[in-house]
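You will see two complexes here that share chain A, one where it goes with chain B and one where it goes with chain C.
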Partner chain A sequence: MIGKGFYQTLASPWLWGVLAVAACLPLVLNSYHLHLLTLALVYVALASAWNIVGGMAGQISLAHSLFIGTGAMLSTALLLKFGINMWAGLVIAAAISGALGAMIAWIDFRFQLGHLSFVLITLAFAEMGAIIVEGWEFLGGASGLLLPRDTGDLLAFQFGGGHGAFWVMLGLAAIIVLVNVAILNAPLGYYLRTIRDNEKAAQAIGVNVLRHKITAMTISAVLTSIVGTCYVRYLTFADPYLLATPTITIEIVLFATVGGLGRPFGPALGALLLVPLGEVLRGQLGGAVPGLHYFIYGVVVIVVILATPRGLLPLAERAWRGLRRRGPEPRPASVS
Partner chain B sequence: MSEFWQALAQGVLIGSTYGLLALGMGLVYGVSGIVNFAHGDFISLAMFMSLALFSAFALDPYVSALITIPVMALIGGLVYRYLLRPMAGHQFLMIVQLTLGLSLVIQNGILMVFGGQPARTPSIVESKLIILGDVVLRLPHLIAFVVAFAMAIGLYVMLRSTDFGRSIRAVHQNARAAALMGVDVGRVQVVTFAIGVGILAVAAALLLPGTPITPTQGLQYTVITLLVVVLGGMTNFVSIMLSGLVIGLSEAFGQIYVSDTLGRLVPYAIFVLIMLFRPQGLTWRTS
Partner chain C sequence: MALLEVDNISKRFGGLLALNDVSFSVEKGEILGIIGPNGAGKTTLFSVISGFAPPSSGEVRFDGQRITGISPDRLTRRGLVRSFQLVQTFADMTTLEVVTTAALTRRPIREAIDYAAAVLTRVGLGGKLDETPATLSLQDKKLLEVAKCVATDPQCILLDEVMAGLTMAETEAPMQIIRELNQSGVTIVMVEHVMPVIMRMATRMVVINFGEKIGEGTPDEIIKDQRVIDAYFGEHLDA
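Now for the complex of A and B:
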């Protein structure tokens, strides 16, 4: 069912080369740089998971903080309050996120108001989720939850601090990017792009819009929830304001947009560029001027959208193709 | 029973301000098809401007509105002209992302200047109460109600019976035809956006007395505004004001009758329910 593009990517020496080099990085980097990269990978994974709905199906979902929040807060709460193993918590949270995603997609379909309503409804749901997490002691309330120290016990969902967390996030990010490639090359990817470009026409030629929207949203929600669980294990502290408010979704949307929507590697590129930039800015300036790094994010996003509305990746691809076709850039004829 | 009347009065008063917030967004959507996700952050910006004017010159929020309204309108016009209009040819979705980016810029710009601590802007009417039988009303709420409805009626009359109002409606109905009839569509869109943002400065002044403000509040105002606009069927003035009342009332009743967390969910729940059973919102004309 999956087209040959996927297997080409899977067989590409580039992919495995990059992954192999990346996997060796913990052995050479210091802990601060490793932290930057791990964080970037978390957002690569989140932005790529979001891309399935937001990029391919063109539905700007702002509800993804619900799934991150479920993955992070619920699995933590289950461990702390009921002693449920976090692996089981991950599965439970992912199942609930998937169900939530399917429900949201169904409600959206029921509206029949197009892409705009989807943005609005998902934002309303995300706000509801934030209010519930803040107000419900079981999920940590406003003060959050603290996970036990990471001792490296794999059976208890502990990966042994910095190195382990990096490898987990690298694997997860790679899998989610590959899921993107797979979907793009599968019938589902073509259906989603048809829905994005013209939903009415898609329906008219017999595309089952509801079913594909629900499928895309469910896949995206489950993946996002899993990333949420791994992210909170890395953070150790389950902070409701970081993990369960719509702000994190907005960041993800902006990374994906800056990188290039709907492309398998676009969101990854955006996150890899912007997360370290933001963290370094925060490290350098955050103490002195709080808010500056988000401010700069915002400016970068606005500039990129105005300058190249399709994102940075298509721009880079065009430059790369241009270089390959012509060899070295021909010297422009002097005009005097 | 007194609780009921209290909730009713409070809901109507707050709801009228929500309606006013939403009118600005509905007006802009009607003319240029833009949904501005930085809407709430523009409200924040106006509120913090009032705070700055109070700190510097001890101006009451109601007085400083005379300064913030034109300044906000100017900012709105510039933002539309230089950030939003260049996107006109592209997908509508990119404008969503652009305004999300703008929201980050405004929110964190405020954070950089004012810091993250909640702040209050005092006003002379802040603590004045009006007691009608069992019902206690705060004077700022009453002022907000009167001004909001006066503004709404003023806008309505402007749209109905001035040339500029007619050109706004013409662009709303059919931008191409309006352009062919000699309406300067670009100018109408810029001015409408400026008016929409200017209205927010009024709403900010009305909301300000007695309300603590933080730089990160913008998104919540955006969400409330969106609820109201969508419920009101996006562009219909009367139903937008009506939806403002619905959201205000559900918030007030939720706070008084339901426990804290669940109470805050009531407006969203009512919104989702209404949208499920009346996807066109609270309009009676389907357009």
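Now for the complex of A and C:
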């Protein structure tokens, strides 16, 4: 059972208003802006899925490239090598990712090496995953895999490129954010937060630490894998260096941290702000000084963390409350 | 019938024998007081009973069943809960959220939230539901320790110095809460340095010194026991 907060969010006109307006954006945006927004939504989905284990449970996982990679590379390989429908591939990859996530959480618990152990163990698994993907021809090896053209055949997991991909990512991102809200208001959310804040005290009040860590990691891994499959369909090219190396996880952690860890809308906010910023910077500066956009990213992150250690969301919430108190009663479904 | 039985428990930390062959039992419904000088091994005893520290030898039984080796969270769900002498804080949760988590031990979420608010109100933290435990005063943190235990709906509570650092007047409220809890059927084991408090509350007492049990009996018997006077009160006079 889930607490009232979840149903209040579900019933909020703001949620549906924002989604409705967002769903209309493909009709007015040019294809470059639509691409930026689609990319931002991919990262909203990824950062929000990561938030379940990294934010709420406070377990900084660097393993998530493994789940993105499984979702992307494995489903693509199954289609290309065995002709397995990509919908089935999505489910198979998600199941494998979930099992991997559960196994990693269990191993971390069994061989506790101190405070850093989770970060190090998850990073080790991610690196192993990258080596396996790059070295195994079945998964595309170092050169990657190319998906067939997207003709918009829904049954073949094709969404017709630009508009379709945007809507898919919007829906997926919204679902994953709502999963965050649901978990936060469910017993699991309480367990995870006590584990994050004080593992020993959590145990003393009856919280089964291992079980809930495994649950969080499994849910996070399954959702991340599903995003991976949808993302590779959008990209058409399954690039192991983009999708299966820990760099992508670092980006996710960064977006989530800047937005606000552990809060259901925090990672989404971080991704929505930083992904377009990063892309624009890369477009403007990438040619001149490769990697400069990463540097600027870094500066932005440091400034934000110093200014508001809990991320941008608490700041935005305060501003929002101030606005609502001062301004006239907001009209539902009108979004500025 | 004995609810909790401690049988020949020893606990070694490297070369230090923190507990040496300690045995006693706690009857259902009683308030057992445990006293002893600083470093006697009282907190270690609680850690062993509650599953946080494995004993070097001996066993603990709860409700007739051996519980040695069972994890603390399972023991809490079975009805044996402890508080911490070193009050535990939570960096990014409210007191209501923390106590709600404790209440989830036996209640569905919506009921748990209401019950947690009621428990916090009962211990006197009703006005601080939305505060972070870290910002509470020491007295309030101690009350939160009690609230967390109570919210798990235990059969038996181990309270470790929840009144340390309080003035005599401030001890009245927690004493009243503990009495009410006991009257509602909860068995209580409490470690306390505040002698007037423990003398008035306890139905029976166990005295520990240097990891050994040196006395057991009603408060009246304990106060007259020469071994206890020498070991316990004697040390305080020396200091």
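Keep this in mind: the second predicted complex is superposed on the first by the 318 of 336 C-alpha atoms of A that agree within 3 Å, B and C clash if a C-alpha of one lies under 4 Å from a C-alpha of the other, contacts with A are read in each partner's own complex, and residues count from 1 in each chain.
We take it that a contact is a pair of C-beta atoms (placed from the backbone, for glycine too) under 8 Å apart; a residue touches a chain by one contact, two chains touch by 3 or more.
Not measured: the values here are computed from a predicted model.
Contacts of A:Glu134 after superposition: chain B is touched, whereas chain C is not reached. Using the contact criterion defined above for the overlaid structures, shared-chain residue A:Leu292 touches chain B, although it does not reach chain C. Within the superposed three-chain model, A:Ala124 lies in touch with chain B and out of touch with chain C [touch as defined at top]. By the touch criterion defined above, A:Leu145 reaches neither chain B nor chain C.
Once the two complexes are laid over each other on the shared chain, residue contacts for A:Tyr190 go to chain C alone; chain B is not touched.
By the touch criterion stated above, A:Asn208 is placed in contact with chain C alone, chain B being left untouched. Number of chain A residues touched is higher for B, counting chain B against chain C. Contact with chain B, but none with chain C, is seen for A:Leu116 once the two complexes are overlaid on the shared chain. Residue contacts after overlaying the shared chain place A:Leu254 against chain B, while chain C stays out of touching range. In the superposition on chain A, no residue of chain A contacts both chain B and chain C. Put simply, chain B touches chain A in their complex at residues 35, 83, 86-87, 90-94, 96-98, 100-112, 115-116, 215-216, 219-220, 222-223, 226-227, 230, 260-262, 264-265, 268, 271-272, 275-276, 279. Residues 58, 60, 107, 110-113, 115-117, 119-121, 123-125, 127-128, 131-132, 134-136, 246-247, 250, 253-254, 257, 289-292, 294-295, 297-299, 301-302, 305-306, 309 of chain A touch chain B in their complex.
Only residues 50, 52, 71-74, 76-77, 81-84, 88-93, 97-98, 100-102, 104-105, 108-110, 112-113, 148-149, 151-152 of chain C touch chain A when the two sit together in their complex. In the complex of the two chains, the chain A residues touching chain C come out as 1-4, 185-187, 190-191, 193-194, 196-198, 200-209, 262, 310.
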